[in-house]
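Chain IDs A, B and C follow the sequence of writing; residue 1 opens each chain.
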Amino acid sequence: MLQVLIQGFLLSGLYALIAVGFTLIFSVGRVLNLAYGAYLMLGGYAYFYSVQTLGMPKLPGFLFATGMGALAGVLMYRLLVKRLKGDQVAVEISTLILAVVIQAGVVLVFNDSSKILHPIVGGVWRIGSTTITNNILVAMVASWIILGGLLLFVKKTHVGRAMQAVSMDAKGARISGINTDRVNMMTWAISGALGSVAGVFFASYTQLNPSMWVAPLIIAVAVVIVGGIGSIVGTLIVAHIIGFMEIITTTFIAAELRGVFTMLLIIGVLVIRPQGLFGRGDL
Amino acid sequence: MARPLLGWAIFAVAMLLLPQFVSNGTLRIIIFANFLAIFAMSWDFISGKTGYISFGHPFLIGIGAYTSAILSYRFGMPVSLSIPLAVLATMVGGTLFFLPALRIKGTYFALVTLAFMELMYQLVQVIRPDLTGGTRGISGIKTILSGAAPNFYLSFGLMFAIGLALWLLSRTRLGTALDAISMNEEAVSGSGLNTTRLKLFAFMVSALVAGLGGAFYVHYLGSIAPRALFDINFVFTIIVSVLIGGSATIIGPIMGAFFMTFLLEYLRPLLPGSERYLVYGMIALVLYVYQPKGIMQILKNLSLRTRGPQTGRSGNV
Amino acid sequence: MSSLLVLDKVVKRFGGIVATNGLSFHVDRGESLALIGPNGAGKTTIFSLIMGEHRQNSGTIKLNGEEISHLPTHKRIQKGVARTYQVPRPFSEMDVAGNIRVGMMPDNLWKMITQSADPDAELTIARSVGFRDEDLLRKPSELSMGDLRKLELARTLAAKPEIMLLDEVFAGLTVGEIEQISDLLAQKRKEGLTYIIVSHDLRALEPLVDRAVAMTFGRAIAEGSFIEVMDDEAVRSAYLGQ
């Protein structure tokens, strides 16, 4: 029981971290970025390259990965999304294509084989009979800190409030003098950075390979769909629903079925309550 | 009507003569292109025409392929029976696929279909692996014909028949009505048409084609495995073929499938691994952002420009 | 004479907003009715309720004496009612002829496949709303607002309704275009078409209707001849009050 609780919180923390950047774009820009999983991959590989290939210290490696993600976000927005002028389906199709392109790019640079990322923080923790790695513990704590920080950023800073305004009513925000283009670009940058950070943790939890972007994308999609478009707190709650559901399935039913229930949940929610469990909130 | 039909006839004759002139290797590439064209047309009939984007088309193809594979491999059923049953099963699956379209559209629908595909991927591995072969799939499935040329004729005949039928169907008023759904569904029901029935029809046709394609494909390959089938890269290949060629045109997806297959082949010496998708995807992306209606539209624009404005409906196409 | 369309105590709420608040009125066969009221009075909502695009919370809607509230939109159209939209919604990638073609289609898959379109009938309808023959090949993006409204009318007429619901047919039009559409409606009225028309252009409305209903906040506040309604104290204050 305790084990389920611990495992559940750890996994959910990671999921929340994975999903939040995706949520942000959906909330502010009203589009689904299906290349979001590619940020995670970029982040993971950038960290791998700088720390394990070049031998940089971990912190600069981490910052390098974050920067790469932010840059990827800005480029995606500038070169692709902006040109498609908010045509949702076109954005989805083109970001899906882009994800495959990035995957192929990663194969070209790093080849096909899987790579192991050393834990960002080594060592293990023991609680009763349960052993947990410090690495995933740090991921969970980082997730909470990042989510908290993001919430403060959105509520308290000028840019954050502008993001909120655009998220609620883009046209209204534009009329009241907000530069929605800049706000969108900022959001894409932040989303890319968040994705990369999540990617470093995710990769250290599983491993690096060129198709690693699909699983986290599906988690992010699930969280956004089940939660109902994009509030940060909603993301946290739904990440826990899904995380715990998977752990409970794994522990008590069968490990192979963990994804099945997540898919059923997505389909069920989309069909029965397309607006999501919590409806439409603001950031 | 006569001119395009002549085009179809020339296409058929040229393709039927092809085995006289090209190597078996090339034929095998074209066989793949034929199947890809079938899948692309199936996608186009739902997503291109009605605008309900499917990100999970392998769900349908997979039902067709797995059903026929299991029936013939595990139960020794003849192909002449297993394929029709597989098509039927795919149409039942198509009904399942259709249910969400009653309530949701756009992004949400696309994501449900993606979830369908993932669900199928996972279920195939855990539910009755004694039938599906689990993660490793099934190999040694009965093939219908052997040799490149016979398989080329078979796959081309199938593709051609499906293509011509769908093309004729899209030229009827029904095709117009399906096009109208992608532009403004409310206005279609506002014209007194039952959009649910229209959509269901499109889904059934699409499922039928996907089932046929999937079943024949599995009996060409002789093997099936979940990872290659229920794969987002496969979805990507299908969608890109349609978009490159021009969606909602039926002919476009055929051109796109051939173009893309040969592009991939010609890249092979330069980029032997899956890096090929880098070039492939880039071309698709640039083309899509530059001309979302694909090659068909580019050709149309060119012919308007060369023929001059007297035949064009307006200068600004 | 029995009424063609009867609304009885119809209520529609959108969340907290009561868009239609126990509204009742009727339209007789061959009659033309103006529905007037300030912005947000609930006029468009009435049309969506009649068409089944929204469902009322309570009350009944009868067409030809038959309750239609449970029917989906396309069935109601087949029963003889059709509408135009305040914001024209053409099929954007189809030319004028194609738009009319969709309006004329029978709701029968088999007939849609086996019977081909009737270009002559399309042309007749297009001409009847004032299109020239060469307009048939034009796309909506090349049309003026006036032409788009004509296209709405043509598409609606193509469904051969007994009663048409016309939402803001004059909005955004030039004086010449208003005149053209007025003439068209006058002509259709003479031919016996029943319609309800919503417009803020009261001057254009007056010669086109037999009767008027004025509403604010989802309620009818006056009903009678157009002149009576316009002279009504409550109507004047509702219009001035906005």
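The rule is short, and it goes like this: contacts are C-beta pairs under 8 Å (C-beta built on N, C-alpha and C of every residue); 3 or more make two chains touch, one makes a residue touch a chain.
None of the values given here were measured: they were computed from a predicted structure.
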Pair of chains joined by the greatest number of C-beta pairs in contact: A-B
Greatest separation from subunit A - chain, by CA centre: C
Chain closest to the middle, measuring from C-alpha centroids that were averaged per chain: B
Gap in Å, rounded to a whole number, between the CA centres of subunit C and subunit B: 42
Whole-Å gap between the CA centroids of subunit A and subunit C: 48
Whole-Å separation of chain centres (CA-atom averages), subunit A against subunit B: 32
Residues of subunit B defined as touching subunit A within the complex: 51, 53, 55, 99-100, 103-104, 106-108, 110-112, 114-116, 118-119, 122-123, 125-126, 232-233, 235-236, 239-240, 243, 271, 273-278, 280-282, 284-285, 288-289, 292
In the complex, subunit B residues that touch subunit C: 169, 172-174, 176-177, 179-180, 183-184, 186-195, 197-198, 201, 313-314
Contact set on subunit C toward subunit B in their complex: 51, 53, 72-74, 77-78, 82-83, 89-95, 98, 101-103, 105, 107, 109, 112-117, 137-139, 142, 155, 158-159
Subunit B contact footprint on subunit A (complex, rising order): 32, 80, 83-84, 88-90, 92-94, 96-101, 103-105, 107-108, 111-112, 210, 214, 218, 221, 225, 254, 256-257, 259-260, 263-264, 266-267, 270-271, 274
